[in-house]
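Structure first, then comments.
So that you can tell them apart, the chains are marked A, B and C in the order they are listed, and the count of residues begins at 1 in each.
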Amino acid sequence: MSGGVTHQLSGRRALQFFPRRGTPFSVLEFLLLIVCISLAGVGLPQNLQDVAVLTFLWAGLALAWNIAGGYAGLISFGHAAFFGIGAYTSTILFVRAGITPWIGIWCGAVLTGAFGALLALICARLRGPFLILSTLAAAEVVRIGALNWASLTGGPEGLSIPPVPGVANMVFASKATYVVIMLLFLLGVYAITKFLEGSRYGYYLFSVRDDADAASAAGVNPLAVRTAAMALSAGLTGIGGSLFAQYFLYLDPTFVISPEISFQFALLAAVGGLGTAIGPVLGSFLITPMSELLRSYLGSQAAGLHLVIYSALLIVVMLYFPGGIAGALARLAGRRNKP
Amino acid sequence: MSAIVTIADVSHRFGSLWAVRDVSFSVERGELLGLIGPNGAGKSTLFNLIAGALIPTQGEIVFDGQNVSHWRSHHIARVGIARTFQIPKPYRQLSVVENVMLTAFQRERSISRARSLAIETLADVGLKDYVDVPVTALTVGLLKRLEVARALAMRPKLVLFDEIMAGLTPTEVATMTKFVGGLPARGITVIWVEHVLYAIMKTASRIMVLNRGELIANGEPAEVARDPAVVKAYLGEDMNLA
Amino acid sequence: MSTFGQLVLSGIFIGSIYALMSMGLTLIFGVLRIVNFAHGEFLMLGMYGAWAITRLFGLNPYVAAIAVVPAMFLFGAIVHQLVVRPGLDKPHLVVVFATMGLSIFMQNVALMIMTADLWDVAPIFSRSVTIGPFYFKAELLLGFVVTIVCTFFLRWLIRTTYLGKAIRATVQDGEAAMLMGIPVPRIFLITFAGGSALVGLAACIMMPLFSVFPTVGLNFVLIAFVIVVLGGMGSIEGALLGGICIGVVQSLSSYYVAPAYGQMFYFILFLLVMIFRPNGLLGQKGAATIGIND
C-alpha cells in the first residue's frame, strides 16, 4: 500500500535518464554536457556564438538564483543588485586601480556575498510578496545609488572597459574564448549546486524552505541557513556579473541593475524547474536562444512583438506547467520507471 | 536531583490573555508524564514554551541543569528536547525518509548513516514500507506517526508528544500506546499531551491536569480521575461521576 | 515657510492621487492574497483609454471615466478568469510570474499599437486654484477631492453592504466564508474587477497631470507597492495614509535634496517599514511574517 512514485535514492546502480537529487550523474546531464562542450569547441558563426555565450552565462546565473529562490525558498526579485555590484566592483578595480579582473572578480564575489547576507538579515522575517517587494526595493536603492554616485560608477554615462585583448585583462578578441569561459562558469555553479543538494546543508535548506518551524524543532537554525544561502547565491551572481562586464565591456546602472534582469533570473529558474539543479539550465537553454533569436528576427519588424510572444508563452507555461520543464520531464520519467 | 526538566512559576501572556499562569512542576528522568485538560487549557502553549517556540513572559525553565527559558527552538532541539506538532508539519517536497533524516542529522553527520538511522526509526513506528514515498502521499494518521518518527530520530532525552493519537484507528492506538509506553525503558523521558484519555491514563506514571492556564491536579492517574476539580473542569459543575 | 507649506500641501494632494491608484492593489491583496504585478499596466491601459476618448470625442478625462471605469471592471474580470484564477490553487510564485508576464505583454502590445511616444491631454482648467498663500493646479485638487469621496464610499461599501461584509468574511477566513454560503470565487472575481475599476478611475484623474506612454506603469507600480505596504495590505484607509506620506516625502525630498534621490527615499522608507513594522501602519498583525500561502 505504498502510494506514488518510488524514488530510489541509493542502492540502484543503473544509470538513470533523468537526474535525481543525490545521484551524481544521469544520462541527461551527460548528454547536455556533450552538447555544451561541442558547442564550445566547434566553430559557430558569430551571432550564434553570442547566443551561446549568453545562454551559458544566464544558465549559471539562473542556477545561482535558484540556490536562494528554489532551494532556500527565498524568492528574490533583487538579484540584479548582486549582478551589478559584482560587475562594477571588478570593473572599477580594473579601470581605476589596474587590478586584473582575475583577482577583481573574487573581490566582487566577497562584496556581493556580504550584501547578500545583509539583505537576508534585513528581510529575515518576511515571506511571500513582502519578501519579493523588499528585494525589489533594495535593488532599486542600489540602482539609484549607482546612478548618482558618478565619481565611483560613472553614473548614467556608464563605465567602459578598454577593448584591449590580453589574458591579464581578461579581454579576448575571439568570442569562442568567451564561450568557453561562460561554460566553465556554468559548470562551476552547476557542480556547486549538485554538491549542495546532495549534502547535509542541502537538506537543511530544503527543510527551512518547506517548514521553518519544523526545521527549527529539528535543530536547524533557519536564519543562519537562509543567510548563508543568500550569501552564496549573491556571490555566485556577482561572479556572473563580473564575467558579463568582461564580455560586454560596458556597464550602465539602468541596464545592469534593472528589475528586468532580476526577473530574468527568476524566470529562467522557474520555467526550467525551481529547486532542481537541471531546471535552471534547461530554462536558460530553452529561453535564452529563443529570446535572442526572436529579438533579432522580429525585433526589427515590430518593436515589442518578440516580447509579446515571449510573455504570452510565459503566462501559459506558468499557469499550466508550474513544475517547469524539469517537473514535466520528471513526471514523464517517473511514469517510465514505474514497475 | 534527578529531575530532567523543571518548570518554575512559568506564565505566558498573549496580549491581555494569560494562556499559562504560574505553572510549576518537575519531571524525573525516565518518567512518562501525561498532560491533559480541556480545549484551550494552555497545553500547546506550555509545549511551545518548553520547546522554545515561545519565550515565557515570566518564570524559568531548567533542562538538564541549564536555564533554557530564553533559548530558541533550534538550540533547545540541539540539547535533546524533541517535539511533535499537533497538526503535522512535514517537509512537503521531501520523501518520508528524508523528513526523518533532518532530525537524524542531530545524531549522525553523514548522509548514509543518517539515512540508516532514519529507516530504523521509521521501522520502529511501523512506517518501514513508506521509506521513499513522497510525504504528500501520506494520510493524516501516517503523518502523525511520521511526526513521532521525526522526534525520535534525534534520540532525544526528552520528547514532547502533542496529541499523537488523533485520527488513529483503535488498533493503531493500541500499538502506539504500547510503543510510547516502552520509551522510558530506552532512556527517553516523555511528556504527553493527549485527548484520547484511556491510552494516556493506562500508560502514564503521573498525570497533570491543566485548566484555563493553571495546573489543577498533579498525581497518579487513578487519583486524578477521581479528583472533583478535574471532573468539573472537563464536564462542568453538576456532573456526578460515581 | 510658505514654500514648505506649499510643498507639504501639494505633497498631500498628489499623495492622495497615488493612494487612489493603490487602493485597488491593496483590496486585491487583502482579499485574494496575491500581488498583481501588472497593476501599473492596468493604470497605463486606463490612461490610454482616457486619452483616446478625450481625443476622439473632444471630451475631457473626467467625463471619460464614465466609460473607462466600467471598461476596466470588465477587463479586470477577464484577466481574473484567464490569468489569475488558474493560478490561485498553485504555489504562490505562479501568480507572481503570470501577472509579471501579463505586465510585459501589455507593455509591448501598447508599444506596438501606440508607439513609444508620450501622449498628453490638453489642460482642462485654465487657471490654478488659490488657497490662502498657496496655489495649486485645479486638476490636482479635483483628484484629491475624488480620492476622499472614493475613500468614504469604499468605507461605506465595506462596512454596511452585504457585499462588503462578504468581502470582510473572505479576508478573515476564506474556508469558513465558503461554508457560510458566501460565494468566495465570485467575491474574488468582484474584488479583482472592482480593484481594476478603481485603477481606471485613478487613470482618468491622473491623465491631466501625467503623460501616458507604454512603460508609464513602471514608475507608478513601485510607488503603489510602497504605499500598499506602508499602509498595510488590505486597508483602504491605510492606502490613503500611506499615499499621503509618500506624496509628502517625495515633494519635500525632491525640493530639499536632489530630485533623483527622491525615489530612493521612499524605497528606503519602504525597507525601514519592512524591518520595523512589516504589517504597515494600519495592517493586519502578522500578515508580513506569515506571507500568504505559508
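FYI, a contact is a pair of C-beta atoms (placed from the backbone, for glycine too) under 8 Å apart; a residue touches a chain by one contact, two chains touch by 3 or more.
Predicted model, so just to flag it, every value in this text is computed and none were measured.
Judged by contacting C-beta pairs, the busier of the interfaces A-C and A-B is A-C. Comparing each chain's Cα centroid with the centroid of every protein Cα atom identifies chain A as the most central. Between chain B and chain C the centroid-to-centroid distance comes to 48 Å (mean Cα coordinates, whole Å). Computed from the mean C-alpha positions, the centre of chain A lies at a distance of 32 Å from the centre of chain C.
With each centre defined as the average position of its C-alpha atoms, the distance from chain A to chain B rounds to 43 Å. Residue ranges of chain B in contact with chain A, taken from their complex: 51-53, 72-74, 77-78, 82-83, 85, 89-95, 98, 101-103, 105-106, 109, 111-112, 114-115, 129-130, 132-134, 136-138, 150, 154.
Partner chain A is touched in their complex by these residues of chain C: 29, 34-35, 83, 86-87, 90-94, 96-98, 100-105, 107-109, 111-112, 115-116, 214, 218, 222, 225-226, 229, 258, 260-261, 263-264, 267-268, 270-271, 274-275, 278, 287-294. Chain A makes touch with chain C in their complex at residues 75, 122-123, 125-134, 136-138, 140-141, 144-145, 147-148, 259, 263, 266-267, 270, 274, 302-305, 307-308, 310-312, 314-315, 318-320, 322.
Residue ranges of chain A in contact with chain B, taken from their complex: 1-10, 22, 198-200, 203-204, 206-207, 209-211, 213-222, 275.
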